[in-house]
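Written below as structure tokens is the structure these notes are about.
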Amino acid sequence: MTATLAGINDFVIKLFFGQKADSLVGSGLGGSDAVFLFIWWVSVFFFVLLMGIMGYCMVKYRRREGVPAEPSPSHNTPLEIAWSVIPSLLLAVMFFWGFNGYMRAQMAPSYAEQIDLVGQKWAWSMTYSTGIGASEFTTLGGNNNVPIFVVPAETPVRLRMNSSDVIHAFWVPDFRTKLDVMPNRYTPYVFTANALDRSGADERVMTATDKNDNEFAYRDHIVYCAEYCGDSHSEMVAVLRVVEPSYYQTWLNTPPYDAVTPPAEVGALVWQAKCAVCHTVDGGVGTGPTWKDAWGYPREFTNADSLTQETLDARPDEWDNYIRESIILPGAKVKAGFANAMPSFDGQLSDVEMRGVIAYMRSLSDRDPGTPIPGYEELEAEAAELEAAANGGE
Amino acid sequence: MASIDTHQPALPEPGNEKVPLWQRYTHGHHWRNADDEFDAAKIGIWLFLATEVLLFSGMFCAYAIFRMMYPESIAAGSSYLDWRWGGLNTVVLLISSFTIAMAIRNVQLNQQFWARINLLITWLCAAAFLVIKLVFEYIPKWSEGKRPGSLFDYPFAQHAHENVWWSIYYVSTGIHATHVIGGMVLIAWLIYRQGKGAYGPTHYTMMEGVGLYWHIVDLVWIFLFPLLYLVH
Amino acid sequence: MSHAQEHEYNPADPHGFHADGHHGHVIVPWQILLGVLLALLFFTILTVFQAQFEKHAAYEWGWIIPGWVNVVLAMGIACIKGGLVALFFMQLRYDSGINVLLFLFTLFAVWLFIMFTALDLNSRGLVTEWRSGEVVSGGSGVGFGEYGLSQGRDDIKSAAGPVYMRVKDNYIAEHGIEDYNSHKKDHHGSGSELSDAWQSRSHSGLTPGLFSTGVWEGLDDGHDDHGHGDHGEHHDDEHTDEDQGESEG
Amino acid sequence: MTTVDRNLDQLGDHGHHDEGSYLNPKYGPIATVWDWMTTVDHKKIGVMYLFAVLFMFFLGGVAALALRIELLEPTRIDETGNLTGAALAFFAEGETVSQAAAGQAYNRVMTMHGAIMVFMFIIPAIPASLGNFFLPLMLGAKDVAFPRLNLASWYVYVFGSLFGVFSILMGGVDTGWTFYTPYSTTTTGQPQVIAMVLAAFILGFSSIFTGLNFIVTTHKLRAPGMGWFDMPLFIWAVYSTSIIQVLATPVIGVTLLLLIFERVLQIGIFDPGLGGDPVLFQHFFWFYSHPVVYVMILPAMGIISDVLAIHCRKRIFGYRAIAFSSLAIAAISFLVWGHHMFTSQGELAAMVFSFLTFFVAIPTAVKVFNWIASLYKGSITFTTPMLYVFAFLFLFSIGGLTGLPLGTLSTDLHLHDSYFVVAHFHYVMFGGTVIAFLAGLHHWWPKMFGRMYSEKGGALGCALVFIGFNMTFFTQFFLGTQGMPRRYASYVDEFTLLHQISTYGSLILALGFVVHLVVFLHSLFLGEKAPQNPWGGLTLEWETETPPIEHNFHHEPVLTHGPYDFDEVVPPGWDPKDYPLPEQTPGGHKH
């Protein structure tokens, strides 16, 4: 009997959610799945009861010509009290049970892993304690540059979330919780992902090898933006990759790029993480201007003097300044034919990343005159030195 | 204010031009008697006043919230206001409230001359209120750059959110001033109709309605004055 | 539905509204109206006096009256005044019960509105203190709206940051720092003779007894000590604090 | 304006003996139009409202179909950079569009659907059309308390709606009908956004005028002998609705005003960059918009109470419980707005609002129990209105029960802003309000227009609507729980099947409405003449002629029986031979 009930419960959960919750908030007796099941059974009971009585009456008391309705009481106080009080009690249970589960999604222990998350139109980006961010990207739905965020399993994690423009909401359906991401204050998204089942019973758990030949198991969860935020709201997705805590530590200390990474590659990473949602690099249309063959070409602005060929001839680096300015103050120069829809990235990009973006845009243009990026020579020299040191050490 | 006067216009009947309009008044065809109609109009006006109170409650709520969020900025903002102008305006409005109540009393007693005087005083008080507000408060403050939100242009601000204070100040007093202007239009209409003899002991619904409206305008100011000028 | 004929039916008064002789037409004696006006004027003077007294006490005698006293007194007096207007000028005192009920329910709705909104906005940081803090000024969409910050204000249009800072910087850039400092005295020094209620504020923030819970403590560092002594110096300190916060953010 | 009768007798009865139907044209075509446009007759205003809201329902429905068609397939950009998927329906052949532009087109249609359906259709739908027509008739009054205000309300409604239509013609708004800041204050399209906000602002006045009128009418214009507990339950429901309309609408007025100031002047009350707080806007907004969902559903509950009783010939079970639960819902509706904001507000407020939210479930449940109990020992017909009552009980039960996991905090964290919410409120708003609206429309159609409609056609329409509705929205419960967020223009491939079922369902639903349109048009022009009291109703509107005369009643009615005394009274217009009464049990039945 108990087993049957558990089986039915599992079926209901599978029917509604696809699979059981993958986090502490959803799992267990205090989790939201359990509350959901309780509400489900209460609802099914009342619905079947009411519809049963309705169906019975429809058949039994259908109108027959010449037969009057039978007299029946116009009210029945004990019955009315009963059907007010009993549901109230059930509702009270729902409230307390649900509140308990809600608090689980708000509170994190002090040792929780802390990660910063910024939502912007229309991308998520995370900054880990070591200063790194997402370095791998995938395709999900209509978005080809979905960042993959690595998080540890079985460890309380608290995301410190903040939006750089409008309100977003961070929702991981598999974790059964979401929270709004506010532009004017931080909000905490708390979760503890369930352990990875390496036995093969869970077909979502997979193994892979990273670039340093570490083998690791992972389970992916989709992240959605649940608060309406505009044009590409439906492309504002991400992937949470739950890995084992030990591998998480390894990953955390493997930066996606270092001093020897060519700036253009750094720029490409930055583009994927922050810019790809609006700016294409293949000449396609987007919310913002494409980056292909943009650098070095004259450009018309709606609210500032145009960048003319003469200016560019005189000062070839003017484009670099324009890029930097637009990242920090997007409204200063708006390209003709585009609305000023870009949020400011002031403080979000490091110098290396800024330089990387410029280098990347140069590399995408057929007009790159080959003038070195400021600081690039030093970087190259540094890289060569490092390489020499590494070679010497062997 | 279509909600107030739903009566049938008095019918011009030959031979009774001498009889004042208010005596010739007949109640609306769907009413049983004039008393019912009067009571209904009063409930209607009170419902309208309820909507007014809730309209202003939005500004009171915004005030309370920002007071909690930025107490220093709100207090600093309050310090730029001179209680003497606010106090004077309070007195002006209180007097106008009294005179319109007196005007209704006069009409109830058919003292048409005094009703007219009281209505005129009320209108003048309303005008005085607006003049004081505009000339001694809005214009100097606006020209100093004490403006709402992003228009804020006052370089000597003490606190980060003084622009929010000015937003609250201008919007709440602005909505209130709009109501004062509306009241002036209505009172002017009353003066005109009263001159025609439209109101008398058996029929003064419109006056009662405008009076109640004017009192609520006063009531709102009674709360706005300490909140904006005194509480700190 | 069968008590229709319970009372004797009066065709002119089908619901018995006026069976008790109660009518909406009340002529209020002028003595009462005048008395109410005088009372209202008295309370107006009282509330102004109360605010001035607090300031005077703080300046002259060094008595620091807690901020909530001011709020409670001012609002209490306003409530009495409002009550007088409603009861006598608006004749609620003589009116039918339905209008009184309506008015009270309206006030109840207002109370609900303000209290529940305040309940939320004042209790954000109970679990995680971040939730109550003010983080950034860049999250407004300032600088990306099509219509930006009020058309025409280019100086604050294209950049994030507190408006008052930018306004001040513009002024200093235009007139120089000396001019700014000398004018600042005019604005915050001598202006006090007009109205300087801020100087009488309690020295530990605003109305702590009413609104301040633990949530707010520590949020406005650099604000707490306003009201002591020279205002201008603290003012500058605050700027630098904010500046640093800015560049970090 | 009708003429003033100078011969008033004590009863205030004008004795309108030789008057014709209110529908009779009197002066010729142009004068008839003028007569309608300047009428203060609540019946004509009700009919004008009916056509206005049905037109808006059509506009909103077209937008809804466009949304469903867009969601038939996920929108993608293929390798060659071309957009694929059903979103192409929004664009011209061969047009180069980005994913974002496709999303924007969807968002604008989505906002159009929401804003039209909420502000221009469902809020005024029942109270302003059926309520306007039948509230005075059911009370035995000649008109509403303030007839000119009533006409003003209609004009304000039309004026406001024009702003909305203007906004759409200018290119549409993509704020969502909730206008959440800071998105709504920063999104592109200044004139459109302001026009749409102004539309909602102006429509609020229309709503206030109607509500104010109904409250006063109910208080002061009840027929002689009609006490508060002799009123039909529809009146109770509309009365409760009106209280909400009067008390809540001003708050949205000031909110939208602030939003306009925010948008035009950047005053910063809701803008975090200037020190404002976007969550404050949500509080302001939901203080109105939560009570207003009861403006949408309460009149529907009233219709169900009346239609069910008449078509079952059954005294409604627990009259007072239903009446008081209407008032209770109206009162509690002001306490629960925070449940729209569980993911954005603080923990304490979330707890309090969740707790209070459950209180509103109880009076709602009590009503459903009472309706079901009223069926017991009834004499149930299967006319179209009654079919819709059954549909209502079925769909509204689902809608109500799916509200439980949304009011419960931990489950709401998952379900908030997902398709589960979309499905839930469509089950309540469509499965509840629109279905009840259709029940009421069929029920009162003969009285309003003097013609019967085709029962077979009505039943067919009802079946199509019922099937189509469930296909459209039941799937969305699963979409929501599985992780489909609302207001998404596109989605991951896993959701395709459920979305397709939903879209095909919406087409069936649309077909159902087309059937109803045909049935109504047929009835208007070719329908057989309706008798005075086709269903055997006991409320006062059935005592007058069909369609009612200009002044509603020949003589002011005096109430002699309750609205649901089917056991004791032969309905007006019926022959006692055709209407057998049950044996009277000693003591009778009083409520």
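As written, the chain order gives the labels A, B, C and D, with residue 1 at the start of each chain.
Definition applied: a contact is a pair of C-beta atoms (placed from the backbone, for glycine too) under 8 Å apart; a residue touches a chain by one contact, two chains touch by 3 or more.
What you see is a predicted model; the values in this text were computed from it and never measured.
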Legend entry - Shared chain contacts [chain A and chain D, defined touch]: C
Inset, instruction - With centres defined as the mean of C-alpha atoms, identify the chain lying farthest from chain A. - result: B
Legend entry - Where chain C and chain D are represented by their mean Cα positions, the distance between them in whole Å: 38
Legend entry - Euclidean distance of C-alpha centroids - chain A vs chain C, Å: 40
Legend entry - Separation of chain B from chain C, taking each centre as the mean of its C-alpha atoms, in whole Å: 20
Legend entry - Two or more partner chains touched - positions in chain C: 11-12, 14, 98, 105-106, 109, 113, 117, 121, 124, 127, 131-132, 138-142, 144-146, 149-150, 160, 162-163
Legend entry - In chain A, residues with contacts to at least two other chains: 103, 106, 165-166, 182-184, 339, 341
Inset, instruction - Spell out, as numbers or ranges, the residues of chain B touching 2 or more other chains. - result: 32-33, 36, 39, 43, 47, 50, 53-54, 57-58, 61, 65, 69, 149-151, 160, 163
Inset, instruction - Check the chains against each other and report every pair that touches. - result: A-C, A-D, B-C, B-D, C-D
Inset, instruction - Give every residue of chain A touching chain D within the complex, in rising order. - result: 15-18, 25-26, 31-32, 35-36, 39, 42-43, 46-47, 50-51, 53-54, 57-58, 61-64, 66-76, 79-80, 83-84, 87-88, 91-92, 94-95, 97-106, 122, 140-143, 165-167, 169, 171, 173-174, 176-180, 182-184, 222, 224-235, 237, 277-278, 280, 282, 284-287, 339, 341
Legend entry - Touching residues (chain side chain D, partner chain C) in the complex: 10-12, 182-183, 185-190, 219, 222-227, 229-230, 247, 251, 263-266, 268, 271-275, 277, 279-280, 283-284, 287, 334-335, 337-338, 341, 345-349, 352-353, 558-565, 590-591
Legend entry - Contact footprint of chain A on chain D as seen in their complex: 74-77, 81, 96-101, 103-104, 107, 174, 176, 180, 182-183, 186-188, 272-273, 277-279, 312-321, 342-344, 347, 350-351, 354-355, 358, 361-362, 365-366, 368-370, 372-373, 375-382, 390, 393-394, 397-398, 401-402, 404-405, 407-414, 416-418, 477-478, 481-483, 485-493, 566-567, 580-583, 585, 589-591
Inset, instruction - Write out the stretch or stretches of chain D touching chain B in their complex. - result: 2, 4-6, 11-12, 14, 141-143, 145-149, 152, 208-209, 211-213, 215-216, 219-221, 246-251, 253-255, 257-258, 261-262, 265-269, 271, 274-277, 280, 283-284
Inset, instruction - Could you please specify the touching residues of chain B with respect to chain D in the complex? - result: 2-3, 6, 8, 11, 26, 28-33, 36, 39-40, 43-44, 47-48, 50-59, 61-62, 65-66, 69-70, 73, 148-151, 160-161, 163-164, 167-168, 170-171, 175
